[in-house]
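Please see the structure below; I have some questions.
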Amino acid sequence: MSDDIQDALDKIFAIDSALYQERGFQRRIGYGERPALLNIDLANAWTRPGNVFYCDNMDVIIPSTQALLKAARGAGIPIVYTTTAYDVTSGNPSDMGLWHKKIPVELLQAGTETCAIDDRIAPLDDELVIVKKRASGFHGTYLAGFLRAHDVDTVIITGVTMAGCVRHTTEDAIAEGFRPIVVREAVGDRVPAVTEWNLFDIDAKFGDVEPLENVLHYLENLDNSG
Amino acid sequence: MSDDIQDALDKIFAIDSALYQERGFQRRIGYGERPALLNIDLANAWTRPGNVFYCDNMDVIIPSTQALLKAARGAGIPIVYTTTAYDVTSGNPSDMGLWHKKIPVELLQAGTETCAIDDRIAPLDDELVIVKKRASGFHGTYLAGFLRAHDVDTVIITGVTMAGCVRHTTEDAIAEGFRPIVVREAVGDRVPAVTEWNLFDIDAKFGDVEPLENVLHYLENLDNSG
Amino acid sequence: MSDDIQDALDKIFAIDSALYQERGFQRRIGYGERPALLNIDLANAWTRPGNVFYCDNMDVIIPSTQALLKAARGAGIPIVYTTTAYDVTSGNPSDMGLWHKKIPVELLQAGTETCAIDDRIAPLDDELVIVKKRASGFHGTYLAGFLRAHDVDTVIITGVTMAGCVRHTTEDAIAEGFRPIVVREAVGDRVPAVTEWNLFDIDAKFGDVEPLENVLHYLENLDNSG
Amino acid sequence: MSDDIQDALDKIFAIDSALYQERGFQRRIGYGERPALLNIDLANAWTRPGNVFYCDNMDVIIPSTQALLKAARGAGIPIVYTTTAYDVTSGNPSDMGLWHKKIPVELLQAGTETCAIDDRIAPLDDELVIVKKRASGFHGTYLAGFLRAHDVDTVIITGVTMAGCVRHTTEDAIAEGFRPIVVREAVGDRVPAVTEWNLFDIDAKFGDVEPLENVLHYLENLDNSG
């Protein structure tokens, strides 16, 4: 993103933050005691160049997610991946519902390499990959029930896209009663500026946007003696 | 089921129906205009002898479902199958959630022949199979969104088990705003009497229990000119 | 309920239990560590004679619920009541959805004494009353999110009716990842036998049906030092 | 909003739109045949100066909503309002869940004038007001079931805030299978620029952002002979 765009955004964010804080928004939700790691749509369609869904900044997002996976596995917390994929991508009735009327989800055929999780951050055998049909990892999936059954109170969120699946997942997470922590270095999008404004909105209203370093420190110091 | 058990149930149903009707229950919800066919858990674990999930009466349920599939395909309405299957069936955290603490869902490994739809009623290529984790076909799945996106107002329900997945699916269907029609000859269970009492409860409160003949007549006379 | 009906049911339950246990059903889900008390539809329409929704056995259900409320308040756990009531009970479009096509919910006008919680078990000021539109306390309400936000892992369930709202609530509770404990003396219905067969189904598959004495003992010995 | 901020945003939107369109995003979902009007949080807390939730631009939003209400009533379509309000706004456990940890929802006491719909756009007696607890009008409410029971396929969305409740509602609407149409003149927010970037994101991915004139034309020409 060019410097002048970033400057313009920074100016807006400063004005908006002043107003939000004056009015009691932008509070901190904080970390809970029993987190899960939730990796949104880090599948090849989004992580590998050449696909229309491809997102920028994978040279930061992938290593950040690798670091989080290592810490999460070390802490023994639940780890979930999502991907977005469809069984019926042509004709009607399709499991795309209405979404192909806005974006090209007809290119996301279930069971293809396109929709598989990027192997640089491959799930282990007992880590779940939830195939979702909508933007949110919670919508139309068993994610909320799974997290509650395993006593999770906090979701550490990575992935793409900020204007789509990560944003909607974060909104649903707090609505469902989980503390959302969005890891700044581990999220992104495919067009300029939308990562910044969506992180701004989320931090103001729905979850805490935290630097990778803080999240790693939290995971590495979890008391899992319980 | 032995005759004296059936007699006892019939006596109870007669007493209860009299009271329900006096109080304004047991109304008819009726058929809508845009149905879908929903086949619950007619996978090998439930339809083939030798499995702990096996249900009785498959010599009636399977041909009834075949007849419904033929009519539904003829009418060009949406057709959905569900199965229940898990990716992590041992250890923790599992997508079984808490359900293995009540019933042996640890035997339902995703991707196995056990959890595949019975090939006597095999789905066509463009018919969806939704892998669910809970009893209801709606809970933690994209079924409601799918049905809405395709303008469905009525769900014709078949499958097993009446005390479990068919019952919960029917309750959710009316709650979500769809008219549930449960096909008497196409549903069942694995222990005596539970089919009868669950059909009784459903017909009193949640959906219409209809004979196969009526449902076939409805499907064969749908106006799909619209 | 007459003795011969009870005898017939007992005979069925014995046969079914033998088969269930042979096949690995009827397991115990057990109590968790952070319960909530959930009282389903103990409003005047269901608890006071003369209403079409009136249920039997209130001389046992009300004192049992009083004892549970006392223990729950002593333990400082979350307490939630539900009632079922509608804002638009005539004409169309109504918040009854399709349910008045099966049962007389048009009689349940929101804000009336009919739909208020029975004052023998009146909620305290900071105890929630959730007005639901469907059978389940979870369906179309914020109950699951509320329970998750307050770290609940177990729901102690009372109320009516067993064939309707208590059954659907229990099925949803385990699906959402909460341990359902249904208190035998604190639940009921309005027609003979349906309480018994719904408790049977629930205990086989969805939650533990427990005697009041056990539940009181559990609540009185909770470790809430955490 | 100052001109230079608008210029900066316009520049970003132009770059992003070019990339989106090249990749097949920013499609039109279009109007369906059976719409409902959904007014999000146009209650006094958001519409009347002096409240921390107050939003800008009410001199355009209110008349635009009045025009939509008139057209919707003329067409006889379902109309729903939401407000956000809480029964327990202090202490714990509260129906605020975790949201007060981010924004000052503790100021939104149910039953107060603060949370009542602005009387310039007052609901008629048979128009529903749904009291929600989370950002989305769908989350933890019976909205989706209500809309489906009344055969709605399209939701015309007005209200505030764009970065919060309107955005989340729109995302959920398409996920649930409804066509979201967001009316540009009838939505807003309380800090600069967030209305613009959220409309941009929505139009790219979740629903069509349409001018008031088009929506009024659509409502006035609905064929409701059916």
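Per-chain numbering from 1; labels A, B, C and D assigned in written order.
Assume a residue touches a chain if its C-beta (ideal position, glycine included) is under 8 Å from a C-beta of that chain, and two chains touch if they have at least 3 such contacts.
Just so we're clear, the structure is a prediction, and the values are computed from it rather than from any experiment.
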Contact-graph separation of chain B and chain D, given in steps at minimum: 1
Each chain counted as touching chain B and chain C at once: A, D
Equivalent interface positions on chain A and chain D, same or different at half: same
Cα-centroid distance, chain A relative to chain C, in whole angstrom: 37
Between chain D and chain A, distance of the C-alpha-averaged centres to the nearest whole Å: 24
Overlap residues in chain D, where contacts from two or more other chains coincide: 97-98, 134, 139-140, 144-146, 149-150, 175, 177-178
Chain D contact footprint on chain A (complex, rising order): 4-5, 8-9, 11-12, 15-16, 19-20, 23-30, 52-53, 97-104, 134-136, 139-140, 163-164, 167-168, 171-172, 174-175, 177-179, 190-194, 197-198, 201, 204-207
Chain D to chain C touching residues, read off their complex: 78, 87-88, 91-93, 95, 97-98, 126, 128-129, 132-134, 139-146, 149-150
Residue ranges of chain D touching chain B (in the complex, touch as defined): 144-151, 153, 175-178
